[in-house]
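Before anything else, here's the structure in question.
A, B and C label the chains in the order they appear, each numbered from 1.
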């Protein structure tokens, strides 16, 4: 036991000695959370647009004023001809061009109808649609106000309640996702790379012939990362709560249990990778790109799973983070307990056992 | 100049002799293109909606079938108590629950207005907002219809109407894959370029082979170029490979000049590799290089506009993107591929990438020491 | 530019050379000269400062103070010119293990700018001399240690340097291989190439023309092996070394 403690201590000093490692351990979660919280929003402000007004009368000027004072748009250029549109899009700054037809006010007055064409740069389809919706909304609002007297009483109204996230804050999505990503990064990637490093440098052989038991060596390598992961999990939850107001509605005990279970899973995955990889580069590519990308993409962190092709939906069932993120959201945001998350707990436990079993088997094979 | 050729020959032999790296270099692009592009779709389809109709009147059933008719919703009808409704949302079986209270139709006829209750699981804020917007559109047009019916007029129209006609250029079908595929190509060349070259240099330090090179009169910039070129070529190969996949699998239109694309990508790689080699020049182990590169890559990618438009970031973050290489190339590739932009449309980007690249390259050469 | 062939003075001149790492002085005011064609030995226990000294001479380390000239070039400002005129074989084998014997030759010949014709001729000649012809297209990783060392040595000589630095060249090989390795060294020295070698094998010191013994960063004795043995009244270099060590205590 003393031996083990001494070994764990040595591993800790290794980690803490290199400031670069500490940057990764604490810098990444904090910066990532800040980026997701402050930088990644879906609301568009100050989108650059150009206007091509063939009419330039009172009504078009009024509409233009409405649009430009809405806060969503910023006028980049006033165009004179249709053939200026393509070049300005090609430069890439302008996202939308609003075209008023000739004799706009006249036609509105005489025929009760006039057309505005909104040309959006749909190389980014979501933004294009959103910009069109904003523009359309502003224009419709303008006409509605102009004819405010024309409402008719019969109406179905709706009382809408946004549950669990009244203000629709993005951080509610990103905090659980960031947690899954960070814990995977530290637990699986860092462990697999440190163990692979010992192998590459030949120091693993020295450890293996020492009186330390193989399980102790692995435990010693893994223990510091378990602790660091826990600290990081705490940092993420704390920052999420204090800075972004992401609540913890469920029990802290269930939350802690879930986090520890996930970390254990990630550590076993890291050990498994290190039994396969002989060099740091290989461990990096396996853990970095075979683990990270699925964690980000196939877990429902950023992209909803329901929208993916069936093959990927099936594949996502095999991604541990998927089950973790789902359970985490339930516990933190909905206040659910084991009664709701037991399937997730079961699946994560089964995965952990599977990874551990497989690495023990691989490890034995190598020693024999 | 000939020295560089010998160095290139050596690096290529080493890369192709490494059996573990070959699949990474050539299979990864394929997998990435397929998984990333297919997985990354923001368009919402099939939102699970449960309708609890306690009125079962003509008006409520007609509105329910309007909801059902929209391809956006996947609709279930159920008779549930409020507690059961809560359960449904807690479990996540339903994203939205719409409840028609009993006496709904009566209220509407008597008081000219009636309410329905809509509960939305808003953990994913933007999806919730979108679902609600769709519901409101359906309810709005239904409103128009019953109003007209109840008042006996054909349709209600204001005296003047402005119609706003959208036209979506460069991607009229609003295909999200056309948006993602070029972005994923950037990630692809970045991983290959940044990680392979920087790890390669620091590995020579770890293995000690760099010492034998350092006692030769080799020029520092020769050495750095020798470390860059092979991976530049491999990354461009991967780009070609990725473009082919995008073309064949996703039918990505290619409007621009392919040469323009390669010029920009090469400039970008020159910059990114210089950054990577600078990091490895100041590091001693692969682990250090890895962590630092990983950190920057994550920040660069999140801020690059790959997943969410740069326009929706706060202004300070948009300004910060001035130093984000990934931001530039994603923007450039989308412009070239989808809009057919040429070198002259993007002179600013051209100038900027070149200057930035040269600066980082000089830094890398300056910081690489032939002494221990 | 000055060519080595025209340079006739001592090939290495060192005066009061110092290297400090922080507060630790690894090399402490050493001075010596090495003449053309000489086999000069640097002796000392591990950590005596031999490797630090040799690294300064090769331009791998910048000296803290003192004067240093190799092949007529200054150790502070003309390090790249020095590198053109020296060969170096490091303590740790540092050729590319994942390249073949021939590919290693081709790479280094290319770096030194040796023309193709000459490279091919010399590669064949060297491989023949080293009995490595059959291993020409084998990966270096698969060669026995002794062969790797011969290979590293011949690569250090390939561009005909004025002086070759060998840092513990025969560590970890059997006595017979060491013997043949020294035969190679003699042959090279006969061609007029200066050899600067560090070692902690005392029997190897006997093969040198002159020997400097280092201890704690200082040169404590410098002479021919015969003179040293006479001075310390013993019949082997081992004895010399032991006596010096005892005197210090």
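The rule is simple: a contact is a pair of C-beta atoms (placed from the backbone, for glycine too) under 8 Å apart; a residue touches a chain by one contact, two chains touch by 3 or more.
Owing to the predicted nature of the structure, the values given are computational and were not obtained by experimental measurement.
Undergrad: If you connect every pair of chains that touch, what shape comes out? Choose line, ring, star, complete or other.
TA: line
Undergrad: When the contacting C-beta pairs are counted for A-B and for B-C, which pair yields the higher total?
TA: A-B
Undergrad: Compute the distance, rounded to whole Å, between the mean C-alpha positions of subunit B and subunit C.
TA: 56
Undergrad: In whole angstrom, how far does the Cα centroid of subunit A sit from the Cα centroid of subunit B?
TA: For subunit A versus subunit B, the centre distance works out to 11 Å.
Undergrad: Give the residues of subunit B that touch two or more other chains, as numbers and ranges in rising order.
TA: None at all.
Undergrad: Check each residue of subunit C and list the ones that touch at least two other chains.
TA: none
Undergrad: Looking at the complex, which residues from subunit B come into contact with subunit A?
TA: 20-21, 24, 28, 32, 35-36, 38-46, 48, 59, 63, 89-92, 108, 112-129, 132, 135-136, 139, 142-143, 146-147, 150-151, 156, 158-172, 174-176, 178-179, 191, 195, 199, 203, 283, 285-288, 290-292, 294-295, 298-299, 302-303, 307-309, 311-315, 317, 331, 334-335, 338-342, 345-346
Undergrad: Could you please specify the touching residues of subunit A with respect to subunit B in the complex?
TA: On the subunit A side, the touching residues are 18, 20-21, 23-24, 27-28, 31-32, 35-36, 38-48, 63, 87, 89-92, 95, 108-109, 112-129, 132, 135-136, 139-140, 142-144, 146-147, 150, 152-170, 172-173, 193-194, 197, 278-282, 284-285, 288-289, 293-294, 297-298, 302-304, 306-309, 311-312, 326, 329-330, 333-334, 336, 340.
Undergrad: Quick one: which bits of subunit C touch subunit B in the complex? Just the residue numbers, please.
TA: For subunit C paired with subunit B, touching residues are 55, 58-62, 79-81, 83-84, 86-88, 90, 92-96, 98-99, 103, 106-108, 110-113.
Undergrad: In the complex of these two chains, what residues of subunit B are touching subunit C?
TA: 2-3, 5-7, 9-10, 13-14, 17-18, 207-218, 370-372
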